[in-house]
Structures are given as C-alpha cells and as structure tokens.
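Below you'll find the structures, each written out as structure tokens.
Across the two complexes that follow, chain A remains constant while its partner is chain B and subsequently chain C.
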Partner chain A sequence: MIDILKAIAAKIDEEKDYLTELDNEIADGDHGVNMAKGFDAVVAKLDAMAGKDIGSILKTTGMTLVSTVGGSAGPLYGTAFMKAGAKLAGKNEMDGKDLVDALEAAIGGIQMRGKATTGEKTMLDALCPAFDALKEGIEAGEDLKDALAKAVKAAEDGVEYTKTIKATKGRASYIGDRSIGHQDPGATSAFYMLETLLANI
Partner chain B sequence: MVGVVIVSHSQTLAEGVVELAKLMASDAKIVAAGGLDDGTPGTSFEKIYNAVEEVYSDDGVAVLMDMGSAVMTTEMVIEAMEGRKIVMLDGPVVEGGVVVALEASLGTPLEELQEKVDEARDTKKLDN
Partner chain C sequence: MKKLINEVVNVEEEMILGLVKSAPDKLRKLDCGTVVVRANKKEGKVALVSGGGSGHEPAHGGYVGEGMLDGAVAGAVFTSPTPDQIYEAIKAVATDKGVLCIVKNYTGDIMNFEMAIDMAKDEGIKADYVVVNDDVAVKDSLYTTGRRGVAGTVLVHKIAGALAEKGASLEEVKAVAEKVIANVRTMGMAITACTMPAAGKPGFELADNEMEIGIGIHGEPGTSREALKPANAIAEELLNKITDDIDFVGKEVAVIVNGMGGTPLMELYIVNNFVHDYLDKKGIKIYDTMVGNYMTSIEMAGFSITLLRLDDELKSLYNAKADTPALKR
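After this line comes the complex of A and B, so read on.
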C-alpha cells in the first residue's frame, strides 16, 4: 500500500501542471498544486508507516490530505481515504472484495462531504462508474486485476463524460454553461489514482 | 458571549471582515481563519480548529464560511470537536460577520444567530 501511495504521489506530481491548467479553465486553478502539496506531505509520513495495516495507512493519508491540501480536494479525498481506511482496518492484504468495499466507503464519504452525486461534473463522475465496473467484475468472479482494468476504463470514460456536462457543484458551477467542453480536474485526478493503483497492484 | 470565527480562502478577506466587525462591536470575540498556514489561498483545518479553540466558551462558537472547502473543512473541524457547541451559519460572510459579531457582543445566544444572518442577507442596500 505504501508503494501504491508513493506511486500516486509521483503521478500527481507529474500531472500537477496539467491538473492546474484544467482547473484554471473552469475554476480557481489550484487543484494540481494543492494535490501535489498534499501528497508530498503524505509521502513524508509513509516510511514511518511501514508495517502498519492498510487501514491505518489510508487513515493517516486521509488526515494528512485534510490538513495540507487547502482546496476542496482536501476534505473530499481526505474523507474518502479515511472512510476507506476504516473499512480496511486491521488488514494487511487486500482482495477484490476488500477493494470493492473500500471504494464504496470512499465514494460514500465524498457524497456525504460534498453533498454531490453523479452528473454534476465532479470526481464522482469518474469514481462511480469505476466502482460499478469493479463490483460487477469481482462479483462475476474475475480476478482483481481484470476487474480493476475495467474500472479504470470506466473512470477514463467518466472523465470524457465530464467534458459534455455543466458543472453544478463546486467552484466551476459559478461559470455554469461555460464549463461545458472542459474536462473536470477532480475526475481527472481520481482517474489517475485508479490508473496508478492498477499499474502497481 | 458567543465566539465568532470567519473562515475564508483568503487570509486578508477573513482579517478584513474581523476588522470591519470590530468597528461595530469592539468587544466581540471574533477571529479570522483565512488562507493556509503560509498565508496562501485555501482553507486550513488547523487554522480553523485553533480559531474555534481561541474563542470557545460554554456559550459556543458561530462560524461563517465563504465557499467550497471552507464549508467542508469547517464541517470536519466540528466533527473532530464532537460534543462542543459549534454552529455553522449560512449567509453572506461580510454582512453576516458584522451582524453576528454585534449580536454576539450584545449577548444574543448561539441558537438565534442564524435568524440574524438571514435578516442581514435579506436587507436591501438600494431602494429599488
């Protein structure tokens, strides 16, 4: 899990300017920089977490994001990681069913914190279809990697879908119809996380 | 006296609201929690947490937030301080901040402050 989180941090850092550029087009342009700052702080704590269970590692990740991101992604991803961590408390390995449970808890946390649902041009438009695809695959008996690959594809499609809709949540909602045509930065960062998880599992 | 915390993405905006409120209510217990720890724009869990602690008493604390993560981060602070008397008020930060500081300094209880903020929101500045 520590390696996966480090890989996510590296990916976010690599895409920092792109995420900020996407955010600049429709909102306040802080997503990339904020996320990179948050994950830098997470990485600084990870080595001390070696040997801890997955739940504790994810919980620490979430709390660190809340304290350091500074934009909406802080409380949203922070809550998501904390909820996923609570679901995986005490576990040192994660199977398909665990990932389904953790992602479900994470999405529930984001919906609760952001009072958001799908179709509002947010990270949920990547995460919810990914969850549906993952759950379907795991329940059909597919192995984790195959099911997760489908989830990543669904998230990617979700990111594309955000270009077609108007933002009704978050800062981007202030520009209304003018947000159509732009890709949502939150959905994009959520897709990067799932893609990195797949590549490192 | 109810304590008041102004949460904004901008440190200078939050401090400005406090400055303005103090003109009307110099003895109000009102503090700013704007921006990140280094002063750059954003909302900081620690700053909000510490601000609430600073003005907290048994009378409780009212928090006025600007938008987005200011609201969500304040929610998380309140969850972390579970059991304490802290209320988020929904309304304009500037007008609401002034009215709440004034009312709090005059002894208005926490439970009645949302109503005062609603009045501040509905007060017209122009006659037409």
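After this line comes the complex of A and C, so read on.
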C-alpha cells in the first residue's frame, strides 16, 4: 500500500501542471498544485508507517490530505481515504472484495461531505462508474487485476463524459454552460489514482 | 508575470507575519499556521472567526480587532484554509459565549469550516456559522453551488462584530449576521485577470478590448465577456443587476465601491461618482460610502459594487466603533 501511495504521489506530481491547467479553464486553477502539496506531505509520513495495517496507512493519508490540501479537494479526498481506511482497519492484505468495500466507503464519504451525485462534473463521474465496473467484475468472479482494468476504463470514460456536461457543484458551477467542453480536474485526478493503483498491484 | 515575492511557498506566511508586524499592539499570529487573532483576547463576548483563501487582502486578517473579528484564518492563495487551522483559530478565540464563524459560500470553505466546527464541538466549544452569499452575478438555483460570498462579507464582519462587542448572545449575533446577509448584494467585474503566485500566469485571458462581467474574487470566470465600455455604463450594468435583485427604492443603503486589487483609486472614485448619481435618481438614499480595496483578487483590475439595506439597528451597529488595520470607525 505504501508503494502504491508513493506511485500515486509521483503521478500527481507529474501531472500537476496539467491538472492546474484544467482547473484554470473552469475554476480557480489550484487543483494540481494543492494535490501535489498534499501528496508530498503524505509521502513524508509513509516510511514511518511501514509495517502498519492498510487501514491505518489510508487513515493517515486521509488526515494528511485534509490538513494540507485545502480547498474542496482536501476535505473530499481526505474524507475518501479516511473512510476507505476505516473499512480496511486491521487488514494487511487487500482482495477484490476489500477494494470494492473500500471504494464504496470512499465514494460514500465524498457524497456525504460534498453533497454531490453523478452528472455534476465532479470526481464522482470518474469514481462511480469505476466502482460499478469493479463491483460487477469482482462479483462475476474475475480476478482483481481484470476487474480493476475495467474500472480504470470506466473512470477514463467518466473523465471524457465530464467534457459533455455542465458543472453544478463547486466553483466551476458559476460559469454555467461555459463549463461544457472542459474536462473536470477532480475526475481527472481520481482517474490517475485508479490508473496508478492498477499499474502497481 | 512579475511579482514582489520571495519564495512562492512562503507567500502566505510572510504576508501574515508582515500584517501582524504592522499592528503589533492589536494582532498576534498563532504559531500553528497562518492564523491571526487579537493581541489581547476579550472574554465575555461571542468570538467571530472568518477566513478563506489568501489573495483577498486586507481580508480577512485586516479585519481582526475591536468591533470586528476575533480571529481570521488564511488558506493558501485562493484556497480554503484546512480544518485543523480553522479549529486552532476557533480554539484560540473561543469564550464561554461561543464562536460564530463567517464563511463565504464556496464549496471548499463550507466543507472545511464544517469539519473544523465539528472538531470544536467535540471539544465542548459552542460554535456555529453563517454563510455569506451576496454575489448577484451567480444564479441562486438548484443547479449551482449558489451565490458566492464576496465584498459584502466585510459588512457582515462589521455589523456582527459590533453586536458581539456589546456582549450579545451567539444566537443574537448569528441573527444579525443573517440579517445583513439577507440585505446585502454585490456584483463585480474585471478588465484584467489575476495571477496566482504558484501558477505564475494569469487565471484567464482577457483581450485588451474585453472585460469580464460578474467576475468572482478568485479570478474565476464571470457570467459574460463583453467589449469594454465606459466606467459609467459598466457601473450601470452592475447596479441594474443589484437593484433588480432586491428592492432598494426608498431605503437607506451603505455602499462599497471595492477595488479588486489592481484598480487605481482614481478609477474607483469615477465609479463612485456614477453610483451616487444612479442611486439618487432611483430614490435610494446613501447613508455611507466606502471606496477602496476591501476584498481583493490579488492584482486584478476591476471593481465591485455592494449595497446594504439599512434599518435603525443596522445603522447603529454600522456606526459602532471599529479599530482594525483595514477598517476604522
């Protein structure tokens, strides 16, 4: 889990300018910078977490994101990691069913904190289809990697879908119809996380 | 983009340190982060905490002091402060009478303040919040996050701060803050974009002959982009929107002609000249006018107009003593 989180941090850092650019087009242009700052802080804590259970590692990740990212991405991703961590408390291994449960808890946390649903041009538009695909795959008996690959594809499609819809949550909602045609930065960063998870399990 | 800064990562910290050093008898910075509180904590009153991203100076730290705020939390530029910082601010200023947070209506600010208030309540601190949403540029509907909180927030600080200073209860201070929110409306515009230090380039592009109407205070795009026109015509467009929203006719109002950070006072006075003529013609009586940089967007050139409907209660609180770095009365 520590290696996966380090890989996610590296991916976010690599894409931070692109995420910021996407955010600039429809909102306030700080998504990449703030996420990179948050994951830097996470990485700084990870080595001390070696040997801890997955739940504790994710919980620390969430709390660190909440206290360093700010904006809306901080509480949203922070809550997501904390909820996923609570679901995986005490576990040192994660199977397909665990990942389904953790992702469900994470999405539930985002919906609760952000009071959003799919179709509002948010990270949920990547995460919810990914969750559905993952759950379907796991329940059909596919192995984790195959099911997660489908989930990542669904998230990627979700990111594409955000280009076609109008933002109704967050700062991008202020520009109304002018947000159509732009890709949502939050959905994009959520896709990067799933994609990195797939590449590292 | 040229900026008078040192390292980008130190912008917020150095700015807050500089603010506190400008008024060492009045302000103190908490060691835990970019939080400003009154140098001398006053007990026996509801404590007011405001905050938001940096880049809106003198908001919010400049409004800490007698008759206004007890604490202000500065996030990164244009980014809501984090719950742990807001919590530290609440804890530092909390009294037995409780704490009222003044939050501007942005998704991030609300989530972070809610998390902080939950943390404070867990510690037994009486805490509540109000949400300021004075920007008429944004349609308040089920399909948006709702109106943004902009320059009208300063008047919420002023009036709720005055009532809190008199020793009113948390419920009373919250009620008067909500009364201000119900009666204050703002709309802004910009002729240039602003550049966040970390981004290094403007948040949006405006051609030489263009302006953005309905701009927010984070350089977020406004509601429409138009060809530049004379100041009076722009002010008229904004005032029409504001006075269409709630009825100001026959009422007394406080006016703020607010600079966005990069607008010369000369131009703000030109706007104010028209604002007065317009309101006179409409039969709206001006009780008081504030012209200056009260809620800015870094170096954006542009302005906003705020009108607050006043009654006797609000007038007396508006006039009460305030002694802060950015607003004295």
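We take it that the second predicted complex is superposed on the first by the 201 of 201 C-alpha atoms of A that agree within 3 Å, B and C clash if a C-alpha of one lies under 4 Å from a C-alpha of the other, contacts with A are read in each partner's own complex, and residues count from 1 in each chain.
Throughout what follows, a contact is a pair of C-beta atoms (placed from the backbone, for glycine too) under 8 Å apart; a residue touches a chain by one contact, two chains touch by 3 or more.
Values in this document were obtained by computation on a predicted structure and should not be read as measured data.
> Is this a clash or a fit when chain B and chain C both end up on chain A?
clash
> State whether A:Thr168 touches chain B only (first), chain C only (second), both chains, or neither.
second
> First (chain B), second (chain C), both or neither: which does A:Lys87 touch?
neither
> Mind working out whether A:Arg178 is in touch with chain B, chain C, both or neither, as first, second, both or neither?
The answer is second: A:Arg178 touches chain C but not chain B.
> Would you mind checking which one, chain B or chain C, touches more residues on chain A?
The partner that reaches more residues of chain A in the superposed model: C.
> Using the touch definition from the top, say if A:Ser72 reaches chain B (first), chain C (second), both or neither.
Both partners, chain B and chain C.
> Which partner does A:Lys150 reach: the first (chain B), the second (chain C), both, or neither?
Neither chain B nor chain C is touched by A:Lys150.
> Running through the overlay: 23-31, 113-121 or 221-229 are the candidate stretches of chain C; which one clashes with chain B?
113-121
> On chain A, what residues does chain B touch that chain C touches as well?
On chain A, the overlap between the chain B and chain C contacts is residues 28, 30, 34, 66-67, 69-76, 113-114, 170-171.
> So in the complex, which bits of chain C are touching chain A?
53, 75-85, 106-108, 111-112, 115, 137-139, 143-145, 148, 196, 198-199, 203-204, 216, 218-223
> Tell me, which parts of chain B touch chain A in their complex?
9, 36, 40-46, 67-69, 72-73, 75-76
> For chain A, which residues count as touching chain C in their complex?
For this pair, the touching residues of chain A are 20, 24, 26-30, 33-34, 37, 66-76, 113-114, 166, 168-171, 173-176, 178.
> For chain A, which residues count as touching chain B in their complex?
Against chain B, chain A makes touches at 28, 30, 34, 66-67, 69-76, 78-79, 113-114, 170-171.
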